[in-house]
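Going in written order, the chains are labelled A, B, C and D, and every chain counts its residues from 1.
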């Protein structure tokens, strides 16, 4: 049994970690860290988890890490790097923030607007896209979870760039995401009255996950790749659907993806011509990918759907932690999606 | 044409007033007051109203009231009484807050927890339940709009107490309300992620609108009446449904209500045995009332449905303002509900 | 490992059984029965379960039951009794329909409007309210799952009637339920456009689950008990909340319930004065119960919340099947609720 | 006062016509036609309109058209052409179906799969995109309302093709639409349980509104234009948002659209860099258009939002009818959007 601490446990990604670890055969939660809500019973912060026997929320500085094996860090960006810098050396760490995703400090500064406080640590971090960095993740001390939008675009497109079967200059990622990705802090724009029964784009051509697209796509293509990316906010809590327009042969794209992911436990490529739906992956660690021909020859539409809180963050984090701890990669993650 | 000012225009009740007055034949908005959002174009605060030609939001102290005929005051409780106290004498005022609803200062203190800052003014205010105080409203300077939950319970029950055809000691008001009643200020509990796909009771046996029930029901019955009242929060933006359990004869109750409201422009009593739905009054000033027999003899279930932002607050406010200004009571309020 | 067949697998309760059994340690699905959808891959009917290795849907008459241990029967009312009557004797059966819930054939006819086609079998069926019939369920061949609304009212009220601490003549069950309880068949009234952003009561004082209330409450009280019951339809997919008005001492009610359920794996009594929410049990087999004092002395409000598809039908069915098969009662059912 | 008949009044577009005409100063509904629901009071079919004094639903063949001035025809595709063919000559007709949208019978057959039954009539029909065919609409006998998705793409793109400032070979229309566009007939895929909390694409590269795009875009560009078009289904009832990727200069695109629509009563071009939201046009006849630069030079993202039932069908139909009847084009259509 591996002893786990979760920092930033009072947010949605924290609660999702607790939900998943609740039935994980090889992990046990030993500490839950929070700031404003320190001192509270976890069940009073997240009543859906009141049936679990969990430690009381503590301030991070009050946590005894000596018997902890691995820490999940679900803290806000910028805070995360400072907290992780101060953690004891024996800990393995999965960071769910954006702090250690970008390899190039200049890119970090460009997208996040400040100097990085832990540059040495940043150099050692492994980007947590399991399907592409499995080997390094197994031996990493610090894994940086991907952005939830980023992974939704990366999984279907990386193999296509790597195999050079699409035009790297003609990639448009149109994406729609559920509200829970915005977290639990109170914001006018995320009120039910503001979000329900409506749809709009945000952070158009300027979303921070572009930094991850640039880094990973360019590496895969062996040349600078700059995609277009338009995220939209959905009137639903969970789920991301990416609709991606590429130039390339649809059947070749489909067979490349099908082959690439045939052994992957959590990535499913649908039969040619079928498109995925967010409701069919809700609450699960699965990603569904679909490929459809456009009526314009040479243009193909690639879809991917996943749950932003699961495969997009906390499920992915556990998948990586399983590897870091030498466990079965899929342990605790085979819950079927919840529908309806 | 009557010149109108709206104070507290950056909240939902303010926006609902603007929406309704936009097609009102006899009112024109001359000033919009807000605090934190002063200086902004109204269309940037509420983009759904960007097609209207409206004044810029101003701090209340910067508004010139000299050419204003009537003020709608949609400010927070406690703030409202202080602002209204300072308004010029020539203004007619419809207050949408709770500040002037309760006649007895002790009751005000009991439910709202502080001394009233405008006791003299409070004595002159008329309770804005149009269907029961029409005559006084016509000549009032200050009308206090009802609570949105309160009116939903008062309309179906007051005539029954007045006619003494139900047992005043056996009234249970079970009610469900949409999220917009909680206003636009950012609160964790009102986030889309917290509200959608869920249902729960709140302020059980302690909701402040009980003060209004006690005042109005006791007056109608000629004896102290203390109802049970359980509000619930619905995963929808607009609409209140009250399900009210009373002891009394169902057919007598139905005929009493049907007769009482036959001439009212906005209150519809459905055929005996039918129950209303919030979706059928959304965005309108209508209240639908239904009466159904229980299988237990002597018990009757009375339903009422209205839109909390319209008949529950801003529509009601305009209905009262129409009376105060000598206009047709229904002017600007005959918009049909929006469905689906 | 126990071999399982699911009849009526193309409905929501069927899919919920498959979802839960997917991670059940001691059950394996060997046959899936459907009528109109026979011949289809299960993943094409319910794409959220496409990652599972499942048998193709078959017509019931084509299923080989010889190696099946237990059948879950999620067929429509009236169909269920005829199908179950024809099943081989060696099978254990959990029926999710209403066909075997009512002991008295006259009551069955009163509520379901026809003669029962399997009266001998009906005599042997055990009512599937696990917490009250555990012993009989363990040795039963045929268990009749409760109505989803029925269990939501029964769990909090049965112990109070049994202990005679509430007035049996003064019970009002006001209840709100999610849409998935209406099943997957296409009905105008269940369209998204009709249901979302709205709330209304239905089957007022006439819902068929009243037959279950009458049967179980009367037995517990040792006298005829006839409750009032008003169900409402919520604009959400999963979850039932019952708000129950009783005459009795609130603290005594709370302590009675707390004591009664302290050992139960799936029923949680919240601290005195707290009320449950449907979102906190979504997708799980848990039932949360709360007790709050009314301001009228002697009146108490009791709340219960559960997921209609899980504890309300398919989760409950598995809980009973676990007992019938001699397994750990909670096997496969400890998934934490999904929130947000 | 103009006398109006609505055929197909039991569908959502019919109800939306009734809602809007309810406060129209110059139209009066004299006949409501339906098939299966003939004989019913309109208020029993659409209870949100029960306050209106309306004729009972009749079978079309029982309607006396002699005193009718204009007919709105909201019948299903294929049925519509046969019914309209049989209508008396004196009637002006606005058809909301797809039957008369496509000028070329071969295109009609390609997209709708059968021969057209009223080819002579088809030749005389005017395509109901008011902003581009105002002059012909004024004198037309038969106007064919646009597809709701079609208009959402046409309004922002037609002026750009006409002015030749975008590449006609590089247009991608990614679109999301509310559920009400699928109508009121009962379909499994449109159940609340299937639609809410989910998002997916449908009719990818094959949606019938492509026929309208091809016809109108090619005419505007003076050359064949074949766009890519991916519609998605939103978990909300009303609203369409198109996110359109084009090659062209963003500022030039913005100024072209701003200039083109400056005099239009219902089309608003937002300030450069702002994007619209469906919630800000809900229930109204307004269309909001936004233009944002992509980070890739030469690529621009153009957004448009409108309500599928209003500007997308019934509001547009009234706008055209106003012109056909010589009324103020905006009469009855200036209702502000409903938010929240």
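In this section, a contact is a pair of C-beta atoms (placed from the backbone, for glycine too) under 8 Å apart; a residue touches a chain by one contact, two chains touch by 3 or more.
If you're wondering where the values come from, they're calculated on a predicted model, not measured in any experiment.
A.B. asks: Going chain by chain, each one touching the next, work out the least steps from subunit B to subunit D.
C.D. replies: 1
A.B. asks: Among all chains, whose Cα centre is located farthest from the one for subunit C?
C.D. replies: Centroid comparison gives D as the farthest chain from subunit C.
A.B. asks: So the centre of each chain is just the mean of its C-alpha atoms; given that, what is the distance between subunit A and subunit C in Å?
C.D. replies: 36
A.B. asks: I'd like to verify one number: the distance from the centre of subunit B to the centre of subunit C, where each centre is the average of its C-alpha atoms, in whole angstrom.
C.D. replies: Result: the chain centres lie 39 Å from each other.
A.B. asks: CA centre of subunit A versus CA centre of subunit B: separation in Å?
C.D. replies: Measuring from centre to centre gives 45 Å for this pair.
A.B. asks: Going by the contact rule already set, what residues in subunit A reach two or more other chains?
C.D. replies: Residues 12, 179-180, 193-194, 196-197, 235-238, 276-277, 279-280, 282, 340 of subunit A each touch two or more of the other chains.
A.B. asks: Of all residues in subunit D, which touch subunit C in the complex?
C.D. replies: 12, 179-180, 182, 184-188, 190-197, 235-237
A.B. asks: Given the complex with subunit C, which residues does subunit A contribute to the contact?
C.D. replies: Going by the criterion above, the answer is residues 12, 15, 18-19, 22-23, 46-52, 179-180, 196-197, 237-238, 268, 276-277, 279-284, 286, 288, 334-340.
A.B. asks: In the complex of these two chains, what residues of subunit D are touching subunit A?
C.D. replies: Contacts found on subunit D: 172, 174, 176, 193-194, 196-202, 204-206, 210, 226, 228, 230, 232, 234-239, 241, 243, 245, 275-280, 282, 292-296, 299, 301, 303, 305, 340.
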